[in-house]
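After this come two complexes, each holding subunit A, first together with subunit B and then together with subunit C.
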Partner chain A sequence: MRRLPAQAVVGGVLVGLVVVAGLLGPLLVPHDPYTQIDGANLLGPSAAHPLGTDELNRDILARLLTGIRVDLLTSFVAVPLGALLGCAVGALATVNAALDVAVQRVFDVLLAFPQLILAIGLAAVIGPGATSVVLVVVLVEIPVFGRLLRAAVLRVREAQFVTASEVAGGGRGWVLRTHVLPNCRGPVLVQLALSMSVAVFIEGAMSVLGIGVTPPNPSLGSLLATSLRYLDLNPLFAVGPLVVIAALVLGFGLLARGAGNPALEAA
Partner chain B sequence: MTDSVLTVDGLTVDFGPTPAVRGVGFRIDPGEVVALVGESGSGKSVTARAVLGLLPGTATVRGSARLGERELIGAPEPTLRQVRGREVSMVFQDPATALNPVFTIGRQLRTTLRAHRRLTRAQADAEAVRLLDLVGIPDPAARTRHYPHQLSGGQRQRVVIAIALANDPRLIIADEPTTALDVTVQAEILALLRDLRDRLGTAILLITHNMGVVAELADRVVVLRDGLVEEDAPVHRLFSAPARPYTRLLLDSVPRLGHRPPATPVTTDTDALRLTDLVVTYPGGRGRPDFRAVDGVTLRVGRGEVVGLVGESGSGKSTIGRVAAGLLRPTSGSARLLDEPLEELSRRDLRAARARLGFAFQDPGSSLDPLLTVAECIAEPLRIHGVDGATHRIPELLDAVRLPATHATRKPTELSGGQRQRVGLARALALHPDLLVADEPTSALDVSVQAAILELLADLQRDLGFACLFISHDLAVVDSLAHRVIVLRAGKVEEEGPHDEVLRNPRADYTRRLVAAVPAPAPPLTAASTH
Partner chain C sequence: MTRYLLRRVPSAVAVLWLASVLVFLVLRAVPGDAASALAGPDATPDVVAAIRHDLGLDLPVAEQYARWVGGLLSADLGRSYLVGGDIADLVADGLANTLTLTLAALLLAVLVALVLGPLWAVSRGGWLDRALTAFHTAAVALPTFATGVLLILVFGVVFRLLPTGGVPPGGLLDRVDITAQYLLMPAVCLALPVSAVLTGFLAETLRAELRQDYVLTALAAGVSRRSVVFGHTLRNALPVTMTALGLQTGALLGGAVLVESIFAWPGLGLLVEQGITRRDYPVVQVLLMLSVAVFVVIQLLTDVAHAWLDPRVRLGGAR
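So, the complex of A and B:
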């Protein structure tokens, strides 16, 4: 095993910290994220409430830690799902020229819409909520990964070791499994990490617009959106979600750069 | 002591902790052709680039390189810019990439001329025509309006040389100037360089790996090995009495035409491969006729026979190899691999038929999957065809190609070019094929490595008795291996016969030109003494 690039290590630690906080944090904090506490309206930070309380008398730390889970859902479930579907469609498209044209035009249409327009449209159809956030992320990622894998497959397929495998008698399936797909791994890994940071951004943006997670459920984006109204009363309200979002996006970004590092490629 | 054009002294180049050149020194006198010879990684190109300050920023250069009286190492960039193109110019390996495809050659010559001299446009145009005429381009005035793609490879290299001559440089650095060219074109370019040196007295620093080119052109030879000067001698002495064992090894490795005794012809009635009236066409561009890459070729490879397929680029030799491997369907005619008509087989039957066929590629680096280990690469044909005990055969196969069994777990990127080609051969021979198609298997290798691979191939062929279609542009390489030789030209068979007949007493005019064009690895004056 080779040494991992430092960027990937730092990125992994950042993402790891947020994941642990989201999974274990809510169990460790004494307050319930949904329970209103008497007389605790927009309190500043204190020993009992390290990040203070919100406009509906709830503990912000508890809501923040619970809110991370929505973003973990989009990053670690929605993005891989979109990637899987996209890669499958992209790989399939390379088999048949007519199918390829059809798939590429569908991708064109999907990519023509800015992510948020797509999100607003989808929320209008199925209503706001965590489900529509996940659906939007999946939908956004399918053409991204489809295009990427298609390009990678077309590139690798021309490599001489693929011809070598064909001359040895390897069929299409064999060549795809043993040579083409493994050699496409690099760019897909990089895109995966990049897309995960984009997913955090999409969730945040949808919640700020009010088409994301529905109250009373917390998410990083909805917490940030609410906190902006009370910056003067409790500045730390906004700092919590900001720090977590920054850590996630930066962490995924560093992972992507680390994954694109040739040192990992060769390992 | 005459004033030398270039004096290199104690030149050392490091890339990080790895030294590329270690204390190299030599001098070039006016009108002298000095050849810098060595295998890949010996530091010959790095030396030349260091002189012109063309190395990337990661390189640390120490030592001295004086052009006349002027020190070039460590000179400021404006000084170097003055020197480049004006006093020292360069001829690159690949004329296709050295010229800018979007400008006419006249414009490219003009730009070079006016970069260093005050000339009006008309003067520059006239000068461009004169230069093109000098390098032997017919109808130079009309040619100035042509784009690089409208010229042949040889003409492009002439244009590159014309650009190099534009400002009457004192020194031309020619980095593998003929490596990308066909052998007949190479002969023309070498004649041109010789002629220019005689007429203009320009000194030439020739960088090459080809001992034949050295013998044809150089006055003095500097042999480099691992960044050190191994030997520095006049060309005649180097070839007749090399002082160092490495130089001797290098000279002995060069395949020579007509040095192998006639092979006993293989007499067998069964064919491993039979091509009948083979035609392969590639669709032409809009409004253009189709290109006939192979135009009615009939040939056979008997079982256990090695047939050399020789031709220059565009002769259709590789296309024939691809048809023989079932990678390409012929437009018409038939290709029978051990009596199975390849063009009629279904996908499934074709895959099965390939168990009896091995293919050796030109570039051993790109023909091995970088993610697999050596063992996995070699085992692939066995696994595809469901042969039992694939893992047990790996040591045996590695041994057959003379690689240590410990290499099984390595990745192809951790091997040298020659070792990779051995892995490629082990993979091609894993299923004990009846026919091996080898498409230029040694042309990407250094000459000493090439010699070892050719010897290995000959041994394996003798032991295993497979038939072989050996494709190469190098007549000497084919001569060292083949029982029979087929000469191709523009998709047609030009001549065919036993190797000693075709290559020693060619009947066809084209073959005669081809054989004559091969630069002999012996300088002209002492040609007799090396036999």
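So, the complex of A and C:
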């Protein structure tokens, strides 16, 4: 087996820790993320509440662990879904010239919106909530992966073994599936890691702008955004969400670097 | 060059046109009727109809779109549902603050890249290389809102060195030293990811340049290392880095919305945020369109500058 780059290992461990915390954590904490506790307003850390309590007397650790799940949903469900749709459209477009032009123009327009601006526009229509965060991430990722796969397919198709396969009588669809697409895997995997990090960013950004998950539901971004308003009263409120967000995005960044992104590899 | 422009400009216009249709239709599709929302729950149908007529919402959609685009082209941005004022006035008020913040961040990012980029290019394998790699990874990965909260927590709340948000009470131009205090954290926050991307890009380009034969020739001829890096390779690396800077505009625009929201900096980003929370769609619509226009124009300028500097792009195929 090939030895994994150290960066990928560290990244994998960071992401793995957050995933485990999000999946198992809420089952292990004694407090409920939604229950208000009498007299526990914006408390500092204590044995009963390791991360303190929030402005509505709820246990911050319980809310943090539950909030991770929203970001796991966007990173591990929405991003792969967007990637799948984008890759499908991108691969299909390479088969037909007219379709290719049409798809490229649509991607041009979608990519003309800065990611966050696109998120704002879409959220304005769909309304706030976890569903709209997921939808925004899917829609943002479709043109990203579509473009990526198209470029990769066009490059791989020039290779001589592909020509050889065509000369030997392989049909277009068959050559695409068995020879071209498997060789496009590398850049797609790197982009997956990068896009998962972007998904955490989009979720948090939407929460900061008030178009993310709706109260009382917690997410990493909404906890951080709320903590900002109470920094004077409970400065440690922000530390939990900050640490988890940092671990998650650094983990994804290191995974992408380890997977060998040429743009980052030079570093 | 003319041929390149004839090919590139129409495609930018087409993207702008499609974006305007998209922005217009998307905000038309928002559930809820603006007229009845404005009139309040107790209004009679007559009043609602009057308001709807007043806002032009009773016209066919195509005509509404034509009026809106016609207005935009003649610098009439329409009126805010809520404040009732001209959107042009709101935008003008916010624009100065946003430009100050964005330009400060841009300046900071370019300065950092110009210092760290060459340093990173010539350091290989040492502690400096590792430190810069760590800086690059962290600054690219950490979301703007997380660094913003971290900055406020450390410098605003724990050490109480800097104001946690807002603009100076006397205005930006009153006293430069106070303005600098208010501007420092938001500008650093906005500049950080852009500076990291630029640093990485510049370092990578410089490393490629340093492998060129002319560098060996210059060194053999007795030119000092420093003068080779700063005098020769840096000059060759700058045009490409300019292009990379142009591509960062989207990140800057999106980042500005967040940074303004976190630091309560009263610019266009805060206007967007308020427009969304108050469902003041004419304002959101104009600002979305404005940001797309800025983005498209800057990308066009970047491409044109690149084509002007590099004949291969100018004379090459479509892509």
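In the analysis below, the second predicted complex is superposed on the first by the 260 of 267 C-alpha atoms of A that agree within 3 Å, B and C clash if a C-alpha of one lies under 4 Å from a C-alpha of the other, contacts with A are read in each partner's own complex, and residues count from 1 in each chain.
One rule holds for everything that comes next: a residue touches a chain if its C-beta (ideal position, glycine included) is under 8 Å from a C-beta of that chain, and two chains touch if they have at least 3 such contacts.
Keep in mind that this is a model prediction, so the values were computed, not measured.
Q: Is the number of subunit A residues in contact higher for subunit B or for subunit C?
A: Larger number of subunit A residues touched: C.
Q: For A:V101, select first, second, both or neither according to whether it touches subunit B, subunit C, the two together, or no partner.
A: neither
Q: For A:F113, is the partner it touches subunit B (first), subunit C (second), both, or none of the two (neither)?
A: second
Q: If we overlay the two complexes on their shared chain A, which of subunit B and subunit C does A:A6 touch? Say first, second, both or neither.
A: Once the two structures are laid over each other on A, A:A6 reaches no partner at all.
Q: Now for A:G171: first (subunit B), second (subunit C), both, or neither, which partner does it touch?
A: In the superposition, A:G171 touches subunit B alone.
Q: For A:Q160, select first, second, both or neither according to whether it touches subunit B, subunit C, the two together, or no partner.
A: So A:Q160 only meets subunit B here.
Q: In the superposed arrangement, which partner chain does A:L28 touch: subunit B (first), subunit C (second), both, or neither?
A: Neither partner.
Q: In the superposed arrangement, what residues of subunit A touch both subunit B and subunit C?
A: Comparing the two interfaces on subunit A, one with subunit B and one with subunit C, the shared residues are 266.
Q: What part of subunit A is in contact with subunit B in the complex they form?
A: Contact set of subunit A toward subunit B: 159-161, 163-171, 174, 178-179, 182-183, 266.
Q: Write out the stretch or stretches of subunit B touching subunit A in their complex.
A: Residues of subunit B touching subunit A: 325-327, 347, 351-352, 354-355, 357-359, 361, 363, 366-372, 380-381, 384-385, 411, 413, 424, 427, 431.
Q: Using the touch rule from the top, collect the residues of subunit A that touch subunit C in their complex.
A: The contact residues of subunit A facing subunit C are 105, 108-109, 112-117, 120-125, 127, 197, 200-201, 204-205, 208-211, 221, 224-225, 227-228, 231-232, 235, 238-239, 242, 245-246, 249-250, 252-254, 257, 263-264, 266-267.
Q: Could you list, by residue number, the parts of subunit C that touch subunit A in their complex?
A: Residue positions touching the partner: 11, 14-16, 18-19, 22-23, 26-27, 29-31, 120, 132-133, 136-138, 140-146, 149-150, 152-153, 156-158, 164, 200, 203-204, 207, 249-251, 253-255, 257-258, 261-262, 272-273, 276-277, 281, 284, 288, 291-292, 295-296.
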